[in-house]
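Structure first, then comments.
Order of writing sets the chain letters: A, B, C and D. Residues in each chain are counted from 1.
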Amino acid sequence: MSEKKPVLHVENITMQFGGVMAVNDLSLDVPEGQIIALIGPNGAGKTTAFNCITGVYEPTNGLVEFCGLPMVRNHPRGKMKKLYQGKDADKYAHDPAIAPTPDRITELGIARTFQNIRLWKSMTVFDNVLTAKHMRADQNVFSATFRTNAKEEKRMRAETEALLVEQNLLQYRDELAVSLPYGLQRRLEIARALATSPKLLLLDEPAAGMNPQETAELAAFIQQIRKEYDLTVFLIEHHMDLVMQISDYIYVIDFGSEIARGVPQEIQNDQRVIDAYLGVSEE
Amino acid sequence: MSAFIQANLPYLLSGISVGGQYALIAIGYTMVYGILRLINFAHGDVFMVAGLVMVYLTTAMPMYISIPLTIIITVLLGFTIERVAYKPLRSAPRMSVMISAIGVTYLLQNCALYFTGGLAQIYPTIPWLSDSVTIGSATTKMVTVVTPILTVVLVFALVLFIQKTKIGMAMRAVSRDFETSQLMGIKINSVISMTFVIGCGLAAIGSLLYFTNYPSVIPTSGSMPGLKAFVAAVFGGIGSIPGAVIGAFVIGICENIIKGLGSSWTIFSDAFTFVLLIIVLLVKPTGIFGEKATDKV
Amino acid sequence: MEKTLQKSPESKAGKLIAVVLIAALYIFLYLLDNVLPPNSFTLMLIPVLKKGAIYSLICVSMNLLNGFTGLFSLGQAGFLLVGAYAYSIFTIPADQHDAVYQYFEGGAIRFSVPEALGRVLGENAGNILGAILCIIFAGLVAAAFAALIGIPVLRLKSDYLAIATLGFAEIIRAIFQWNGLGPVTNGSNMLRKYTDFSDIQIGSVKLATAFPFLISMICIAIIVLLIHSSYGRAFKAVRDDEVAAEAMGISLFKHKMLSFVISSFFAGVGGALLAMYQTTIQANAFKSAMTYEILLIVVIGGIGSVSGSCIASFLYIACNEWWLRFLDSGSFFGISVPFFRDGFRKVVFSVLIMVIVLFFSRGIMGDKELSFAGLMRKHKKKATGGVEGGGQA
Amino acid sequence: MKKILAIALAVVMVMALAVPAFAADEIVIGVFEPLSGDNGAGGKQETLGIQYANSVTPTVEVGGTTYDVKLVVADNESSNDKAVSAATQLVASGASIVLGSYGSGVSIAASDTFGDAGIPVIGVTCTNPQVTEGNDHYFRICFLDPFQGTVQANFAHDELGATKAYCLGQLGNDYDQGLINYYTQAAEALGMEVTAESFPEGNSDFTSYLTNAKNAGAEVIFAPCSISYAQLIVEQAASQGIDVPITAPDTWDSNVVMEAVQGTDLDVYCTTFYAEGGDPDFEEGFKAYLNSDDTALANNGGNDMIAAVSVMGYDAYYTALEAIKAAGSTDPADVMAALPGTTYTGVSGAIAFDEIGDAIRDSAFIKQANTETGVWDFVAAQTVAEAEAE
């Protein structure tokens, strides 16, 4: 995995809510062009880690680099100085803290989906995807209002149309997004994320609530879009089949801390992982 | 120093008294908000109607009947408003319910206007409460002294009620999670009704104290105290009863101190209330005791 | 969606009908202002039309914020006030200053934009151009206030935002009433004698009613264009799901601010028009009750529906100030009714509002828009299949 | 749903269009008054005076024909933005002349509407100079604020011997602020010291302001404010034990204020248009009228005490009739032309108009509240000459 430079580099990320360590000293690398998975049992802190990367939360400590650029960086400050229980409290203390908002991070090229689908409920399928193109459009509020951006708007619409065709969603273009069946909503959410032209796609439990057949389709779909859009994919999942099938490399966390990392075969046979999932027997 | 206190005691006294009255109204706002997430704009007008009811009742019957009867009628009014104007909209968008509250405000004010003819009604003198007392350098009415004490007593009783009784527990459960408590078999309608009953009962007592101090009832009498009480509730963190009470006292006292600062300041006494509120909100976006809103991603 | 609409024949016909109707409206307004003899009907109609047009703009501007961006703001009255004052202060003729600013030695600002332009362009042209310039200026001042207020308060959420904006509106009102600013704002006293609708004419053609229609129609058209643009979609995204919007690269602060400033700009324009309509203004009138009234109209019309806001504005104004007045008169068709006395109108009116709120809780239009193409399609459907048509976008 | 709405609309439309048929010889006098809102109480009392006058003299003879006088009342809701449509309603009803309003703000706001329609208006108790200034169609039968402010200041200085005054008015109310302004000018010219403060709208706690007045060492409190605030100020001054005189303008001349003053130790004075007892016949008749009609009695605050504004309304009605007679026509333009020359001696004194359209009033009455009997006692009549001479 060292032959390619990592797109996403996470170093000593710690997220502490009051006295609870949701994520503890997590470090990982997501190399370009690969599919990397972060797995763990329910409540292990996977989504929190995602939220730290995408700027929804400001991590208590740690660094996130995207394509070599420090994107999020923090060290325990203010009240947290006393409360902090994690390691490496001083590691980043000498660098200024950076905490960009999620929209800035998306602009840099990271797009994400959500565990509990968050589509824009009053909009049609088409508008959901079109709206995601807003950020990349070359326009301002005046040119948009007075239609001097007509070319740009036309381009956005055409691209959206094309994206819908590629994702097999065209037949639903004028339907309300929330009226689609669950599986399609998931796919639409991915399509919407793709519309922001990301380099890195973060998928938060994309297979949640899907049956085995849908999951298999999804696996193929993820691999397909990675190729077509030249993406790097980082996903959270506890659907083992899917993860084992498509991942190039897997990180396992439990109670916020990493317990294992490796290629699928290694993880499959790792005792700690099995314990974490099945629970350690008491005797 | 003592001269300073001598000069400023009246401001402080009226501040505490006004604060107590705001507190009694603010509790109604904050309880309803806690459970229904509804800004019950009509609450200030329920307060005004309580004043009018008292005016009309005392012309017909002695004080010891009309006071409890006023409280009962106000409670019934609150109960009816909830059943007629809010309950049918429970599944409607939040904005609709709030508009319904504004509609009730219009209705109550306009009915009051229609029945009173718009003239200020003079509030009856309640014996003892209306007597003058002298405290240090300040001469004031007994009610000024009684209000904060009664407020604190009532709030304690209310907190006990919410902590100890079954229905109080149900209230806390509903305010934490409306849907789940419904699934847990809590009778949501009776909890909501109870909230309105308590809120309106306290507003009725508040109106007794308020109008004894300021004995003139006009159809818009409720708006300003209502707004101030609402500000107090937000200030303290809407949904929190101690927050509302503390907010009410802070606002009442500050407002009166501003009035004492001199002629160039007095005109800003209301504006100042809002400045204070905005500053608090900027530092603590959900008020002093408000729970931090977490949006689960 | 728009693309398909443009192609359909109904849409073309719908557009044609709309154009014809608008033309007919302006011809009617022209006749109303210039030709038709005043009778008891037209006399009452004119102020209702003027105020309805102005309120339409004000309500649509509030709808942009509350309905389309999902920002629960209650500061509208404050921005109306700023707009109304910004407009009037600069259009009071110089020789009227002593009379208007009677307690402030004629005030600090002693020129009038329409008058200055009038000296160059002639009185009528000066009035129109001056009025338009000052209306735009009014919008800009309101927008500037909004930008300043927005920086701190837009971080707040839902009800907290509402009460903070309400608070700012009250603070603005107190500041405008302050005697210290008297030479500019005339303190607690009213501003008057500024350019109003009756001064607006081209040649001998009076435009007293057409002018507010024109301005407010242009403004509403701009708002509609905005709503249907990329930014409008971003606003809706913010309303539907802030977290998702932010994750898709839509800056919450920037878009909330944009919506807040734009809405306030048009509220300022609305305030200026309101000042022109009233011929006098006083800060005292711009209370929170005014914001509630506007919010009420917006909700009655349907949150998220521009045409709903417009229809509701006209209905509300007409009911409140015209149709229901007979209820106060003490008699009905000449029959004396004992309970028809002062104030009964308002009781009936508030009952009416309650009925609408309770039984049409999504408003007259819901979040749909009135469109002729849609109406025709519906009509066709009914005629052919008898199928009850759904809503149209 | 849309159908129901459409039907409801149609019904309302039809009702609106049902223009009352004019009787052949009827003349309409418009009454432009606030019946709701802040000034609703005063507006109603003023309207009562007009209605009583109409019940006494329901006809007028013009050019040999007897016309029935029909009153059309329009509620301006004490609000400038409602004033225009209320005024338009009167224009639409075909009024030959309009009376009103209580409160200057609404009068100024509606002025252009009447002016454009060419209908003359007689202001009854709107005291702001701006009402008539520069308006040919607006006349008025009451005195003006500058006069009243001067009278008040003179009274405080000469009769009460005060050297320090404290003024308290409502923020944002032009009536209050205007009077304070004139009072301050006059008082300072007399060498008095004046402190002025304003309270925000909807305020009900005045103890702090009264304490301020005490701390400022005021020897007289001047409180030009509307009736409901007056009531609160009186009440709180009494419980605070304020012992300096409180003087107030015409708004306070109301039974509502009187009721609050009764039984206290306060020393309350007000200037007014009319002193009770000036015309026993009128008073007797008006009281009988009030007592015969429940609504009228309710509108008067539930008792039969006579407010000065009712008297002014009564006089305004007769002045209007005089003008119509003098015009010899029901046409508004003719009435307007006749008005400047119209004179009438009413219950409140002789009425004639100067070149601006203001009443040539030579006197204001100063009354003191009698805390025992609950009536206003006449103190002095101050004339213009006296006020201006000083």
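Definition applied: a contact is a pair of C-beta atoms (placed from the backbone, for glycine too) under 8 Å apart; a residue touches a chain by one contact, two chains touch by 3 or more.
Since we're looking at a predicted model, the values are computed, not measured.
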* Asked: Both subunit B and subunit D are touched by which chains?
  -> C
* Asked: Can you tell me the least number of steps between subunit A and subunit D, where a step is a move to a chain it touches?
  -> 2
* **Farthest chain relative to subunit B (centres taken as mean CA coordinates)** => A
* To do: Would you mind pulling out the distance in Å between where the CA atoms of subunit B average out and where those of subunit C do?
  => 33
* Structure fact -> Expressed in whole Å, how far the mean CA point of subunit A lies from that of subunit C is 44
* CA centre of subunit A versus CA centre of subunit B: separation in Å? -> 47
* Structure fact -> Shared-interface residues of subunit A (touching two or more other chains) are 56, 114
* Overlap residues in subunit C, where contacts from two or more other chains coincide -> 174, 177, 179, 243, 341-343, 346
* Structure fact -> Residue numbers in subunit B touching two or more further chains are 113, 117-118, 223, 227, 267, 270-271, 297
* To do: Please give the residue numbers of subunit B that touch subunit D in the complex, ascending.
  => 7, 10-11, 13-14, 18, 113, 117-120, 122, 130, 132, 138-141, 210, 213-216, 218, 220-221, 223-225, 227, 256, 259-260, 262-263, 266-267, 269-271
* Could you pull out which subunit B residues touch subunit C in their complex? => 33, 39, 41, 84-85, 88-89, 92-93, 95-96, 99-100, 102-107, 109-111, 113-114, 117-118, 223, 227, 230-231, 234, 238, 264, 267-268, 270-271, 273-275, 277-278, 281-282, 285-287, 293, 295, 297
* Structure fact -> Contacts from subunit D onto subunit C in the complex sit at residues 1, 5, 9, 12-13, 15-20, 35-36, 44, 72-75, 79-86, 88-89, 91-94, 105, 108-109, 111-113, 116-117, 129-130, 133-134, 170-174, 176-178, 181, 198, 200-201, 295, 299
* **Partner subunit C, residues of subunit A touching it in the complex** => 54, 56, 101-104, 106-107, 111-112, 114, 118-124, 126-127, 130-137, 139, 141, 144-147, 149, 153, 156-157, 174, 192-193, 195-196
* Report the residues of subunit D in contact with subunit B in the complex, numbered from low to high. => 35-37, 40-41, 44, 171, 195-205, 207-209, 211-212, 215, 227-228, 231-232, 235-236, 239-241, 256, 259-260, 298-299, 301-302
